[in-house]
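Order as written gives the chain letters A, B, C, D, E and F; numbering starts at 1 within each chain.
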Amino acid sequence: MDMVLVLVLLPIIAALLLGLFPYQRLQYIISGATLALLSIVAFSLYTSLSDFTFHLPHNLNILIIVADVVLLLFFLYQGRKFNNIKVMVLAVAQLLLYGYIESIAPVAGRAEIVVDELSKFMFLIINGVGGVIVLYAVKYMEGESASPFKKRLFVGALLVFLSVMNLIVCANSILLFFFLFEMTTLASYLLIAFRGDEISRENALKALWMNQIGGVVILVGALIAIIGFDTVMFDTLLESSGGVLMLSVALLSMAALVKGASLPFEGWLLGAMVAPTPVSAMLHSATMVKIAPYLILKLSPVLAATMVGGIISLIGALVFVAASYLALSRSVFKEILGYSTVALLGLMMALAAIGTQESIAIAMVLMLFHALSKALLFLSAGVLEKQYHCKNIEEMKGMVNRAPKTVGFILFGFVSLTLPPFGLFMGKLFAITSVASLLNEHPAYLIVLLALIIGSALLVLLYFKVASALLSSASDVVQSETMPISAGFNIPLVVLSFFIVAGAVGYIMMQQNIFVILLAFPMLFVFALPSIIHSMERYDRTLPYQCGEKGSFDSALVYYEPSIKIQRAMYWGFGILFVAVALVGAMS
Amino acid sequence: MKKTIQIPLGSQHISLLEPIRFKFECENEKIIGVDADVGFVHRGVELACTRSFEFKQVGYVVARVCGLCAITHSLSYTLAVEKLLGYVANDRIKYLRMLMVELDRIHSHMLCLAHTAENAGFEALFMQIMGDRELIMDVQEAISGNRVQFDYISIGGVNRDLTPELVALTHKNLGLLSEKIDALIGLFDNNWSLSLKYKGVGVLSLEEAYTYNALGPLARAAGLATDVRAETSDFPYEALGYTMILESTGDIHARNFVRLREIVNSIAMCRNIIENLPIGEIQEKAKGKPNGEAVVRVEAPRGELFYLVRGSGQNMLDRVRIKTPTFSAIPAMMEVFKGAEYADAPAILASFDPCMSCTAK
Amino acid sequence: MKFFTPFRKKSPWVLHYNAGSCNGCDIEILAALGPKFDLERFGVINTGNPKQSDIFLVTGPVTYRSRERLVELYSQIPEPKVVVAVGSCTATGGVFRGMYNVEDGIDRYIPVDVYVPGCASSPQLIIDALVKGLEVLEAKSKEIEKPYKLFGAIETIANKLSRLNMATKVGQNEKD
Amino acid sequence: MIWVWIALAPILGGLVYGGERVLRARMQRRQGPPLLQPFYDMFKLLDKRTLIIHAPHALLALAHFAVLWFSIAAIFLGWNLLYIIFLHLFAQILLILAGYSVRSPYSHIGSNRELLMVVAYEPILILVAVGFYLVSGSFEIAEIVKGENYLLQIPLLFAALLIIVPIKVKKSPFDVGEAHQEIVGGIEVEYSGVFYEFLYMSRFLEYIFIYSFVYLFGGESHWLGAVLVFGVFLLVNLVDNATARVRPAHMLKIIYTVAVSLAVVNLLGILL
Amino acid sequence: MKKIETTLSTLLRDIGAFYIPKLWHFLSVNGIDLGEGKIELQWIFSAYGVKDEIVIYYVLSDYNTPVPSLVSLIPSAIMGEREIVDMFGLTVDGAESGLYLDEDSRTHPLRGES
Amino acid sequence: MLRSLLEAFLNLFRPIRTHRYPAEEIVLPSGYRGLIEYGIDACIFCDKCEKVCPPGAILFYQNEDGTKTYRYNPWLCIYCGECVRACPKPEEALWQSETKQLSALKEDGANEGWFVWEAACKQSREAYATVKKSAKIQNKSEE
């Protein structure tokens, strides 16, 4: 329990320290130390065996209620200020619902905080990855055009956010969960709007109203739970059965779909890409959006083998394909990453909702490695953006000559997302195996299986399309200048890569499967390549074949744009499916 | 952000026999813009015909403007000079000249069909047509003494006569060939992959054919009824069973079909020619020096070939103007590429049967 | 290595380039690839790609505009290589000899190993020439062969042999 | 013994390729090259001076070949089918990266098309694997070859596999990735000498790879497997000689409609 | 064959009045060097479906006067115009040089030595 | 497509069309336009063939004693046969055979050597012309 307190409070303390001492060096030290401490704590927590629970002090509960109301009023104010009806309506709806629920909420019977296996696992992700991102953010913000205070505020906010995340993954009370959920919404709202220009503002508002839908459905879910089972605790809810249970759970999972930016809500996540890169990394791929699969995982004991669970895995699987496909039409690097995040979150939710032991384990593995790889990719994207001022993949052609290290990291990120022996690959591989084994139970899993297969293929297409842009370089003998990239950028990347490799190794060890180990063998070629390159001096260098002509060749990548009609059909379809979750929940 | 790929095709490319350079501006693989450079083969034949060669030699030189329809070049030139000399060839000469031109048309059309098939990735069909084409090459070799450059026509007549053995050989090979062509027609019509590749691809509409002055099989595939054989009276084509072949869709398939059916028509004409060959001299003296200006149009395999010859009573001519079919077809060609897939570009290109060597002279 | 040299003869891959011919010889090359003469029985593949070719089949007398392309393609063919000039006009300029835009035979620019006569040359002659060319090919070394004209030096850049500038125009190198 | 086979895989593939070239020539009524032609080509390529664009490009071909061979080894050793498919995917990706890593138009388009091809055939291969799994209860090849009657139980999957065989062996109508007349060989366009050699030999390995899948349908009966392989080999070559190359988009469409639905129908049939 | 004389200034008008795309096939632009810096330019048409019907509009001009472009009327005239630009060194607006000749090759081969 | 499939299959059992050329001679049709051959005994040195040849594949070297030496370049010749038609004594002095010229190697100087010859022939004529002229002048002055 002390350790959990550390996880929650340390980031806040660190944030305060940062606010107090405006020294660059100190910022590094603080964030570095925080990272180290948090990771160690999270890891030791993870290895500790027992679950434990505790109550929040009563005063704190009151404080939370007050804070919640203030928060919602703030949303209302923002909606008023920027004249956004949707935000206002949703904020008012939440206020009313929240007020009503608090008035009828049963006195907590069980502990508000429950730290179980899942929470510990989430601590690992949040603190490991989040810490690195904070470290990176310090360097990143140096180049930002904002007042020094605002910069510190930014880093501080990221730290505070870490503690929010740490708390949310062990919240047992739905109301507490709701509060923290709204806090994360707030965080994305503020951080997306950080740059303060028109687009940021617009996208922030979009994120706000979409996420508030999540808030509303959570509240409705809680209301139903109170009415049906007289509880606001997850664990009690999950233990009960019959009645309106499925509806309540369905509503809660809908919140997950929103947070996970499943179609048709992917808009807010993509809009979020205007935020500074650490924000994208932290909120929109590595940690915050992981709430979505986390929530489904939490609910999975109930969801497993039900219609609701089925429909959620269907949505997840289809999102996996659709988002991968949509990503193919994009050319902004961060947007591509965003879409692929949406896709993979869909996959994770699908697997979590299937709810067999195996698929849950796979979903968790996917979560961990996705967080690591995506953070790596986002941070590298940030480097390219900061140092080379290119956001669009068309501008990144031949980047390998100009920024070999960063491109190396990006490629490594892609490799870790797609190829053996890395976690994501393994995850997908096992996912196919496990879904295939489920086929005998219900043929409908065939859809999930198909989506899985096709989606993976599309993602491969996507990543290597981008990789291609980075790699396309002219002949060896044509020199191009590189730019030194400061250690502040590189160290976080190295740390992440280390985590990925270590994770892969650890995972392989865990599997204790000889084949898996052998699978790692081909990777040797890739790592051996650079060393051989130096011995290639005796071969003649020549120019590419251009039909006998001279002159440089310029090409864009390939874009697969679905027609407007298909897109619209897609959105409608997903919208209907989204509503169907609630309907199915109500019916069963 | 620019999202186009520039794909070069040529000047050296496996799908091209000749140097022509295209630069396709593509979105994904869809062509949105074309840039062509057609002048690689420019040798300066027009000037040489008036500076370095005497008018009697020029016939052999202009044959080397293009190896595919060398015979039409020498024919047009010879006709033009004969007009200036006031000489009219006798019927036997006319018939023999027509025979060679039609044989040449058959082999050229078959080559085009083969090349289009090859560029569509249908190697077996390429081999089949090339194999069948050898029948006609044998006939040509036997009649003229060479497979490609016939050097058969000279001012005042033709260089060789058609012996009875040759008549027999021609008859036999034409008979074999016409069976093969029937089989080919069935194949082109029914093969599923060919219809994916050919039908509705590379469409030149009738409107475009008029605007861009399309000619030859290109125009006839679009439904534009133009054929120099029907628009001149130098040769008695109608008497020998000439019919104009028209299609309407203007795609690769239609062009292939125009060619196939023209081959059938040409075979029939060749048979008529050798069956009704008039008796007469094959070489008569055409006296004098060319003086004045004459224009001649001849239907080459790819469309109308135009010669304008001006002389002033000397051994050297004043001007030999050669306007070749492909030269005129290029604007239409560029139009057709737009909107097509790059994957179809080589096949479309081959279906135009372009001839850069005559375009650039 | 000595062991491998005999195999050069068995797998001649050709690159065809038309440097301004009248097509007559080109269609004969095409006919030679066709079923009647079937060059593939000698192992010939028409690669269309200089980098994988051994035999450079050139037709045409080299027009002014194609000469750089000719040299560029030639320099992209890895040694050992053989150049076959197909047709009278390729060998000597033929009927185009002396025309203003013509360079009188490709051996003004690149070393020709086999000269094939004929206008148009015929598949038989092409096969003969190929057989002859293969003998030449077998005897060749792997040393770099330079084109005659339009020749930028073979440089080493950063210790690597570079052929990037082999086909630039005479004098152009100094300019840029 | 098995290691000998693994070592001989390229040679075996080379023979298949050589046989195919002869067969193709005969189908076109030509004489065609000698049976050992691929090996002559190989030795010839070793004897050429090598030109490269840049070192990573050249080396990726080598890596591609090695990983591909590794995946063949995995097949012979009877590993998990899914691993093998992904290993193969990995090999393919190395190749695609190689194609992209040079600024050459044809290489780029070739890579694009190669990617599309991967997207097209990968799902089918996995579905076939799933089919084997459903029938035999395992993804391990060692287990799968102990089963029988695959042809009766998953005939449509076999048909689906048949449709993608031309993609892998680069035959009409699906030889879009190589497409000599369009993109001069695609990815391989910038290779020469020894490095081209690796690509040339990896084609041999591709033959082994895809025909092993066909062979698996024979189950425990080696004879049936061999007959199937031979039949498919003949059929693929016949089709190659009877079709033109379709566009990449058409290829995707055909695979995703015809082949995928065949596979799905078959799987559903087993399950219901 | 009918030859109609016109002038460069009236060319566009004349041909505009004469040319009907569905009746006339535009053959070519042609130049004939007459020596002493004079050139005869010809625009040649033939009729669709009529025997031996050729109409030639011609202009006697010199090398310095710019030639009007017919591209607005007849898109395919661009080829012929580019050709006379290269071969005779005339100026035709909208027609670039470089169809046949490189910058550094001999200029205007068909132009008579004067 | 089924037709094509069937055809391809049947082709396996049909005889191949390939002519095994170098191993088996190809019979050229009679009248094949092959090499130009020359019979020095019948030639009257009228130079008609040289004048009429389009590419200039026939050259006569003017010997100092007034006779001429015939030069013919088969790699320049386009085999049009015009020289034979121009020759006043075809079949004896100049005729077209039915054989093909074989390809030349570098050593044969197919192109390089001919440049030398062209120059030499031109020079020989000029030299001969000047000799003649001076001889004439001499003759005149002697008169």
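Brief remarks follow.
Everything below uses one rule, namely that a residue touches a chain if its C-beta (ideal position, glycine included) is under 8 Å from a C-beta of that chain, and two chains touch if they have at least 3 such contacts.
From a predicted model like this one, the values you see are computed outputs, not experimental measurements.
Common neighbours of chain C and chain D under the contact rule above are A, B, F. Two chain pairs are in question, A-D and A-B; the one with more C-beta pairs in contact is A-D. Most remote chain with respect to chain E, judged by CA-atom centres, is A. Taking each chain's centre as the mean of its C-alpha atoms, chain B lies 24 Å from chain E. Between the CA-based centres of chain D and chain F the separation comes to 54 Å, rounded to the whole angstrom. Centre to centre, using the average C-alpha position, chain A and chain F are separated by 81 Å. As a whole-number value, the distance joining the C-alpha centres of chain B and chain F reads 29 Å.
Each of the following residues of chain E touches two or more other chains: 100-101, 109. For chain A, residues that reach two or more other chains under the stated contact definition are 475-476, 536, 539-543, 545-546, 548-549, 553, 555, 558. Counting partner chains per residue, chain F has residues 1, 4, 8, 16-18, 20, 54, 78-80 touching two or more of them.
In terms of inter-chain touching, the protein chains here follow a pattern that is not a line, ring, star or complete graph.
Here the touching chains pair up as A-B, A-C, A-D, B-C, B-D, B-E, B-F, C-D, C-E, C-F, D-F. Residue ranges of chain D in contact with chain A, taken from their complex: 49-56, 58-60, 62-63, 66-67, 70, 74, 79-80, 82-83, 86-87, 89-91, 93-94, 96-97, 99-108, 111-112, 115-116, 118-119, 122-123, 126-127, 130, 133-134, 139, 184, 189-190, 193, 260, 264, 267-268, 271-272.
On chain B, the positions that touch chain C within their shared complex are 11-19, 39-45, 47-48, 52, 60-61, 64-68, 70, 111, 114-115, 126-128, 130-131, 133-134, 137, 146-149, 355, 357. Per the touch definition, chain A reaches chain B in the complex via residues 331, 392, 394-395, 546-549, 553-560.
Across the complex, chain E is touched by residues 38-39, 42, 44, 46-47, 210-213, 215, 224-226, 230-233, 295, 297, 304, 306, 308, 310, 318-319, 321, 323, 327-328, 330-332, 360 of chain B.
Put simply, chain F touches chain C in their complex at residues 16-22, 26, 54-56, 73-80, 100-106, 108, 110-112, 114.
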